[in-house]
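Let me give you the structure first, and then I'll get to my questions.
All chains are identified by letter, namely A, B, C and D, in their written order; residue positions are counted from 1 within each chain.
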Amino acid sequence: MVVGARADVGPVVSSASSAGSGRPPAQESPTYLQAIRLALIEEMRRDERVIVFGEDVAGKKGGVFRATEGLAEMFGDERVFNSPLAEAGIVGVGIGAAMAGYRPVVEIQFADFIFPAMNQIANEAARIRYRSNGGYGCPMVIRVPYGGGIHGALYHSQSPETLFAHIPGLKVLVPGTPRDAKGLLKSAIRDDDPVLFFEHKKLYRSLREPLPGDDQLVPIGRARVAREGDRLTIVTYGYYVQIALQAAERVAAGSGRQVEVIDLRSLAPYDRELICESTRRTSRALVLYEPNISFGSGAEIAAHIGEECFAWLDAPVTRVASPDVPAIPFSAKLEEAYLVSVEGLVEKIEALLAY
Amino acid sequence: MVVGARADVGPVVSSASSAGSGRPPAQESPTYLQAIRLALIEEMRRDERVIVFGEDVAGKKGGVFRATEGLAEMFGDERVFNSPLAEAGIVGVGIGAAMAGYRPVVEIQFADFIFPAMNQIANEAARIRYRSNGGYGCPMVIRVPYGGGIHGALYHSQSPETLFAHIPGLKVLVPGTPRDAKGLLKSAIRDDDPVLFFEHKKLYRSLREPLPGDDQLVPIGRARVAREGDRLTIVTYGYYVQIALQAAERVAAGSGRQVEVIDLRSLAPYDRELICESTRRTSRALVLYEPNISFGSGAEIAAHIGEECFAWLDAPVTRVASPDVPAIPFSAKLEEAYLVSVEGLVEKIEALLAY
Amino acid sequence: MSTVSNEALVSLYRTMRLARAVDERLWILNRQGKLPFTVSCQGHEAIGAALAHVLRPGHDWVAPYYRDLALVLGLGASVEDVFLHALAKATDPVSGGRQMPAHWSFPTLRVLTTSSVTGTQTLHAVGAALVAKLKRSDEVAVTTLGEGATSEGEFHEACNFAAVRRLPVVFVVESNGWAISVPKREQLAVASVAVRAAAYGFPGEDCDGTDVAAAAASFGRAVERARAGEGPTLISAECTRLTAHTSDDQDTVYRPAEEVAEARKRDPITIARHALVARGAWDDAREEALAAELRAEVDAALGRAMAAPDPAPDTLARDVYAEGRYEGAGGVCRDTSASFVREAA
Amino acid sequence: MSTVSNEALVSLYRTMRLARAVDERLWILNRQGKLPFTVSCQGHEAIGAALAHVLRPGHDWVAPYYRDLALVLGLGASVEDVFLHALAKATDPVSGGRQMPAHWSFPTLRVLTTSSVTGTQTLHAVGAALVAKLKRSDEVAVTTLGEGATSEGEFHEACNFAAVRRLPVVFVVESNGWAISVPKREQLAVASVAVRAAAYGFPGEDCDGTDVAAAAASFGRAVERARAGEGPTLISAECTRLTAHTSDDQDTVYRPAEEVAEARKRDPITIARHALVARGAWDDAREEALAAELRAEVDAALGRAMAAPDPAPDTLARDVYAEGRYEGAGGVCRDTSASFVREAA
């Protein structure tokens, strides 16, 4: 897996090689973005109830990030179409289609623009099954490009996943690698309940890896040990998995102490067992997350560890996250100040190891 | 202070005594609801930039809970008026009015209906000051009746305050007594930033207490020790302050052990100092909150205590909250099963004391 | 101008009367302290009955709102189910005792589950209509809402989405002049919501929602347009609210007595009975027989419903996800193990 | 049909040319890698210039969107401030380096702060208009948005609110036929958004947004109606998008070459120049002089802006609340002490 290269906020033409073919040449390691596109194609081939709509997802554009590039051509403009510019409409129509038996995969262009759809997501999608006594389900996937570090400023950088993880009835996925992006998106599309699928924009073109065969699912709710270690457990997800891995390497290079890195992959439900098993083994935990620190996703993880691993802990469960300011500024200097850096994280790890 | 009496989900005619007069007779102890109305009246008298609008707040009705009863008559139907049935509109127009120099106090009829306004609250109100480099402020109060235990079922019982506490730029208040409701609402109206003011419906008519003189403010961000104790700290807010107090009395009556109860009053910002001071003294903490447990408000509090009081803790920080189901069912049996009872809480306290 | 036969009108009248009888009984239960909440369809019965009349139950999709008791009865919901739902019994098929009364869901009738949140259901109807069109079926979707709810942004998004994709959906606004205490003139600055159709590019019309035959004619045209692939229609059906907004509302506070008296004159049931009598299709004997029949039906259904058990506390956490509470085919579900309910239950 | 004098037209032309010059420079900076993002007003200059022309800067309220460079320049924003903002410099008066380019806020000009979220600003204009009316002032509020953004529910809520309360607000839709890659026909099923005004009960009209004099006449009437207390107006100003959606968009992928060629024929700047020439109010000499003048102005402003410092990292957490970061008059603010920024900064 290669980290690096550039990842832009906006639509950048994807390398022509894979356009239209539906699959990159076998020898290639697809990017996170290509993996998502492949999952969509496979699932649309497999199940014709799967439909795709949202802003700019159809036509020649195929999404501002090109995740749905070529899909309209492949599957026709009835199954893949542009919606009007209206997020409540996108999600609400998706809910109706799901109740009527289809499996809509809708796109919210940027996570920052999901709020107009909040009512449909929180009050409707999440409660369809519960309020109808199981009479209706809402098998819908909402794809949500999110995250910072791409010069997106206040409205193209947000990480609002915590808000959805708090709402029972929803599932919230946050894949950190191409393999997980593909396998989890496929699981999400086959899931009978509404799934928020958060795709980290900074990973779209910066991560590649070879994928297993066509039909590999990744189970919802299971975390992954991204790096093994015995001295401290970092629980994280999304782009920060990469930061955690780099920081862990530096710590190991410096003092030989091995830090375990857990990639949650799934935020709701999250893998309580794996987190506790690891923390009980390492006796130290650091929760790293991109949302604003207060009331953010990692608060739940930290609280859970504190409750379930109390007797095993040798140091306070420490949170490292974004400051409580309203999203990332446009200025590169300020964006840098906002985000967690490898150096900053290494310091936090060292401090915790020394506790 | 008297707890008890009934509190209904819906509009119940308030006792005629205080109608129209603008103030209950001096000898009376106003209810939580009357305290809110008094705060509105005092602040509207004090500052003519204060205006009130929302669904049903004007005319003869004065709100489905009658919190704004008589205000249209008192202050005219320009300063107090009914809006169309549109929550994004209510908040968005409020934001514009605030930027133009007024101090709107808008009402969302039930917390459950705040989601259509989420975009205006999260993306707009919260960020006005930040994104304009301090050029504009957004001095607006959003009053939000919330909470369960009043047969309100899925859509008249929700406690969504966590979602707002997570958004920097907002202040989130959750008063638990008439005195705090009045003093905090006055502070909120005078505050230069957007404030979400959560009023617990179950407290509206069930709590009364004498109020201090007209112009008493309660500072935003300061918790209150509702009961002193030395063996365990309960951190809570809203209606559950009452449950916590009752449970604490029972524990004291049973074994003489004294439980401290902290009423947060303000969720964002919350009083980190008081919580830590108390927990370090008692060495045990229990966080009690009404939202769904996972990723709920108390996760932040618990994580913070775990981080800042690690060396003082004799037992894991324990959370007691609502299950992860989509809000409270209509069935009285199910509503009872959902909510935290005094008995249930006593058991949790005893278990924690015995740890 | 009526295309409704005498037999059909009698049947419509029966549906309206049945809805009224059930509705009145719910109010009585409320006053007796046996039901903490009720929301009424009184004044709206002609709209519901007429709409059910022009639809194919179980084939067409319906996204209703809380004033649609007559509609769901007309489609075939049983009175017992309505009571089981209102009383939040374990066997409530609508919501398992979870939702407030009149928050419909009848999957076999293709009545979609509804929330309390005004206007949201209009988008679900559009979604169902989208699927109907993708399947190349002749299914139609219908949604109802109050005139107050048309102020919500989601209504706009629903209309526009339906227009752009020319979907088989009918929007019926049950315009009773009030949104709780807010009169129509404070809600919108046009005489009728029907003019809004032109903003999206499809037909809109007004109909008298207190005249069941006129309403059926209007709805019938719209449904046939949709079925024929000619796209959406918006209908504003004028009616009255004969009760307080809900049992939690005391409308005497804000509603002038004359307005209530005027509303009563437009009781759709009286109007339908007069029409039947004028057609020579009704008389006092039939009226009495019907009343007795309905009373018996309602009594029996209520008796059975009252005897049904309350939901068991452990059903609280069911149906949050398809797989149930902990583990399932698709993966692991959010568990509630850390939550208090386990101990409390 | 033009009510614009020659002098006024020259001034409007200058504003349009200035906006174009600044806009082009921003694209160059972007191509040079000095600016990670730009969003263009090219094709929209006549609308912005005309609107500024009929408003009283600093008296009337303006809630614009990201294509309104010409509008803010016309109202009196300085070129240097525009560059300071685009380059996210410490002294950016618009947002202190926090917002993306073209996310305006000029308090002294009463230009309200704008987000990227399409359509939200329409409600803020209604709020400002509400205050204008409550104050019994003759202030007017104007808001602009794209035709795509009219699909958002908030636009509907804004129009309806303004109509019911008869507020002094003008809605100007800058209808360029595209919402990123989505053509107008996939966005709405009516020929012009202007017909939507009737849905709310106020006047709507189309205007040619590439003809600055015609646009000024249309906007002027609407603003005077509002000022006279006659309520809102909705105007659909047809224009073209002469560039890609933003610097992140490659519109050649989805946009037919002929459409682009057609759009270029409707360049509002060419049209205005021709009009001036036809009036005998313009010639090549003046054109050259203007070009030189603008180049000098832009060069100088950009030079100063480039030399300005970047924001200091510790400004990151400023302006979250009025009182600053920790403590203040009104109470205690949310602190960020537990957060990572302290260490990182």
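Here is the rule we use: a contact is a pair of C-beta atoms (placed from the backbone, for glycine too) under 8 Å apart; a residue touches a chain by one contact, two chains touch by 3 or more.
What you are looking at is a predicted structure, and each value in this text was computed from that prediction instead of being measured.
Asks: Going by C-alpha centroids, which chain is farthest from chain B? Tell me that one.
Replies: D
Asks: Thinking of B-C, which of A-C, A-D or B-D forms a repeat of its interface, with over half the contact pairs identical?
Replies: A-D
Asks: How big is the gap, in whole Å, between where the Cα atoms of chain A centre and where those of chain D centre?
Replies: Chain centres of chain A and chain D, defined by C-alpha means, are spaced 34 Å apart.
Asks: In angstrom, rounded to a whole number, how far apart do the mean CA points of chain A and chain C lie?
Replies: 39
Asks: Using mean CA coordinates as chain centres, what's the chain C-chain D distance in Å?
Replies: 44
Asks: Residues of chain A touching 2+ other chains?
Replies: 81, 84, 86, 88-89, 112, 115-116, 119, 123, 127, 130-131, 154-155, 168-169, 268, 292, 294, 307, 319, 324-326
Asks: Going by the touch rule set out above, which residues of chain D reach two or more other chains?
Replies: Where chain D meets two or more other chains at a single residue, that happens at 95-96, 98-99, 103, 115, 117, 151-154, 157, 160, 164, 186-188, 320, 334-335, 338.
Asks: Report the residues of chain C in contact with chain B in the complex, numbered from low to high.
Replies: So the residues of chain C in touch with chain B come to 36-37, 88-89, 95-101, 103, 115-119, 148-149, 151-154, 179-182, 186-188, 246-250, 253-254, 310-317, 320, 334-336, 338-345.
Asks: Which chain B residues qualify as touching chain D in the complex?
Replies: Interface residues on the chain B side: 51, 78-79, 81, 83-84, 86, 88-89, 91-102, 104, 116, 119-120, 123-124, 127-137, 168-169, 171, 187, 190-193, 219-222, 266, 268-269, 271-272, 304, 307.
Asks: Which residues of chain A touch chain B once you look at their complex with the stated criterion?
Replies: The touching residues are 88, 112, 115-116, 118-119, 122-123, 126-127, 130-131, 154-155, 160, 162-163, 165-169, 268, 291-292, 294-300, 302-303, 305-308, 310, 313, 315-319, 324-327.
Asks: Can you check the complex and tell me which residues of chain B touch chain C?
Replies: 8-13, 55-56, 59-61, 64, 81-82, 84-89, 112-113, 115-116, 151-156, 292-294, 319-326, 329-334, 336-341, 344, 347-348
Asks: For the complex, give me every residue of chain D touching chain B.
Replies: That would be residues 61, 63, 92-96, 98-99, 103, 105-107, 112-113, 115, 117, 120, 122-132, 134, 141, 153-154, 157-158, 160-161, 164-165, 318-323, 330-335, 337-338 of chain D.
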